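The chains carry the letters A, B, C and D, assigned in the order they are written, with residues numbered from 1 in each.
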């Protein structure tokens, strides 16, 4: 016997969660794009989307956010902090790759210094993941040793039932249990047959790739130039990556009043590392692509014991010139065989 | 022999004879319906080229990659008419020497591709004239432009606000555009910071206006920005509207030939000025 | 709240406010500001945490933040001195700020020179141009406890005589009998009354030929100077483990999050900016 | 009671003509509304569309760009270039929904003090009628607001 959440009870769940003070966020298709957005009714959710165009990162680390405002007078500077509003949120219908990505970035944002903006939102959010029963040709979670039903980063995992009536509930964390206790009465206890998970073939050999990347000889390999010739240096892959976390600070305003903002930035941009003197440590696009791959699959795992990639495949899916992690790691796998 | 085979052979000849050092064309992509840029350096590589309806990218932007043409050697490139127009503009703006470019031209209509006669940008003058005369790139697109123009200013503003709100400032539109070759884009200049770099709606609005303005009279409507946009902003509509404007006001059709004066760097004494008080 | 890992701040991106109490022109386009904390708690945190070698992010609201070293030594932590060349938006704003104006400061961040490990050893300081400030912080830290070290040699070079920074301190060091100061300017950069050496730092260093025996070298300068000076130090018999240098990259956060100072597996802002030459040689040269 | 709406209008003007025209209006004791903030530039050819965007970004309700009549440019043809630029930029603003009543262009010579005063009066009146540029101001306001996410 397992706990079951029926699809037709979803509206009631939302009502109870709203009543308990939770905002409910889920995959929504609107204005020609799909993303995780706040919903009032279950009908607004589009749970059939294989993977939203935009990532879960948006909800914890938005593309631009004001950090604080300043007001300068002759003798003092007044500042006001803009911390995220203290609202409890339930993300209903996250994908396992997106949820994993949040857990991947936790150590980075908490490495000695805690990023207030990230952790405040992390601590106020319950992630309810729905295991995938469908995947497209760019999905690659299995290649990253994750799966359509990975639990990393999730508070609740829902497994779709074979008859599509609802989901089998797996409570993973106390935060998840607490949120689901609010809808306890709406859950059923019954035997259930879960639907088959999406079949995501393994696309490259991660261990071989890591080994190849760790070999200092390969750092200057001609491979990097060849593989990145097409790269146009836009930020699509980084901005649509759930784990890419690089950012920039920008002051907006005038001499006396204004706001300091935290904005996404991308290692693909030439200006990212450019010194004021004009010197640029990563002056070519191939060096920048190498950095992206090295950082994700060599440096980051070396530091935090996690790959900075959860296999969502958006980098390849959305790349304007059809590049991406899949192709690069496939080529590296070939090189190291 | 199909166009694809003819062109593979042609590219292989160019490479094996040493006439060009490189041919930029289309290879197979990560899915059957995708084509991606392929850089062929040997005759063998040329066998991997595709020429079909899925070849949608305007590859001319790669020509201005730093140092690619600095050795004065020639480069072959697969281009559709829009791409040839881009090469003309790049030549007119002194970004490249058109004599270094060997064009493998082709055109696509209703899913079938056909070859274009000529190898130099200057060989396509009559094609350009014909394009200007029958400017009917897409009636569907013009219909959308007309629909927006029929709105009230408030509705138009709201329409674009909703679109630009989605922008994430990844600059894919800029990076993919052959006309956006500036080493440092205006939005990357911070002394002064003319437009916001943050991607809030205002910053996005400003960025998209600046981009569209800088492409006015230069855009060849290849649609690259529109296809590149990961958040599906209909950028082609703005570009289309601006192309209409320069055509109507100044009889300017961008990329006609390599000596064409940039529309905003030239003038006529009798240019229209009905709006000036 | 005084959580040490957070630098005493709940929001790690929020800077402290400091007042400019002195301003000095060092060389064309190069200025030194002396700053004092406005909030005693911020000052207390700084005193507890600051060790020579660490850096900070100095800024002006409305313009942004810019990273430079703390040029004053840990033995003089009542204030912060920073020396910078005016080159971008933030440094332009800092350069035009007047005494009494308020600026922002975040830090101190990064690692430190292990000065206790230098006790009892001879010290060789080598700096080029605007890279004297980070070296100067170590120099004063050592001079303020002079008896703990052996012979101290300073080799300092700049493009021209005008480009030498801290001219008043150079004079002071020149007159001290417990320091050997070797000054040089690049050929063509000398003035008619220039009494010191002419030549590039690496070759002048080889001429001065300080002994590598029981000696620690601290080397700061532009990348090209570092590259050739390391070769010269090798010729003089210095072991890479005994050569310290500082790396600089563009930084925004200073705390290992924003990603831009990452070289190889190292975040310069957290694991640097102080490295031994041995550590630097293990980094991917192509990204330095 | 709230104060009646007073539009903020930024004028980018050429120093050789419109600015002198404004001077003439002043010395002739012609009256015109104080809603205008003038920015003097060496030529209309120097007036970048960026200026217009910046004015809007800083909360202007209207923008005026004004320079020498065609043929009168101090630099021989700066205003011809400007004219093309505005034609194009105006079309872009129109297409993106920025009401053209708010963005005006004029030729005013050093001798046309009266024209200057009249134009400023009618422009101010027009924009007063239109009211504040709420749609743009809402976007500006959003950038100044605390996070909602």
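Methods note: a contact is a pair of C-beta atoms (placed from the backbone, for glycine too) under 8 Å apart; a residue touches a chain by one contact, two chains touch by 3 or more.
To keep track of the chains, here are their UniProt names: D = Heterodisulfide reductase subunit MvhD.
Values in this document were obtained by computation on a predicted structure and should not be read as measured data.
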B-C or A-C, whichever has more C-beta pairs in contact: A-C
Just give me the whole-number Å value for how far the CA centre of chain C lies from that of chain D. 50
Using the average of all C-alpha atoms in each chain as its centre, how far is it in Å between chain A and chain C? 38
Averaging over Cα atoms per chain, report the distance between chain B and chain D in Å. 33
Quick one: which residues in chain C touch 2 or more of the other chains? 88
Send over the residues of chain B in touch with two or more other chains. 196, 198, 200, 203
Touching at least two other chains at once: which residues of chain D meet that condition? 143
Any two chains that touch count here, so list every such pair. A-B, A-C, A-D, B-C, B-D
Can you check the complex and tell me which residues of chain A touch chain C? 67-68, 70, 72, 76-77, 79, 81, 83, 108-109, 111-116, 216, 219-220, 245-251, 253-256, 258, 260, 262, 265, 267, 272-277, 279, 281-282, 287, 291, 294-295, 298-299, 302-303
Inside the complex, what are the residues of chain B that reach chain C? 190-191
Interface with chain D, chain A side, in the complex: residues 59, 62, 65-66, 69, 82-85, 121, 252, 259
Sort out for me which residues of chain A touch chain B in the complex. 31-33, 53-54, 63-64, 137-138, 229-230, 232-236, 238-240, 248, 250, 252, 261, 263-264, 266, 269, 271, 316, 318, 320-324, 326-327
Residues of chain C touching chain B in the complex: 88-89, 92
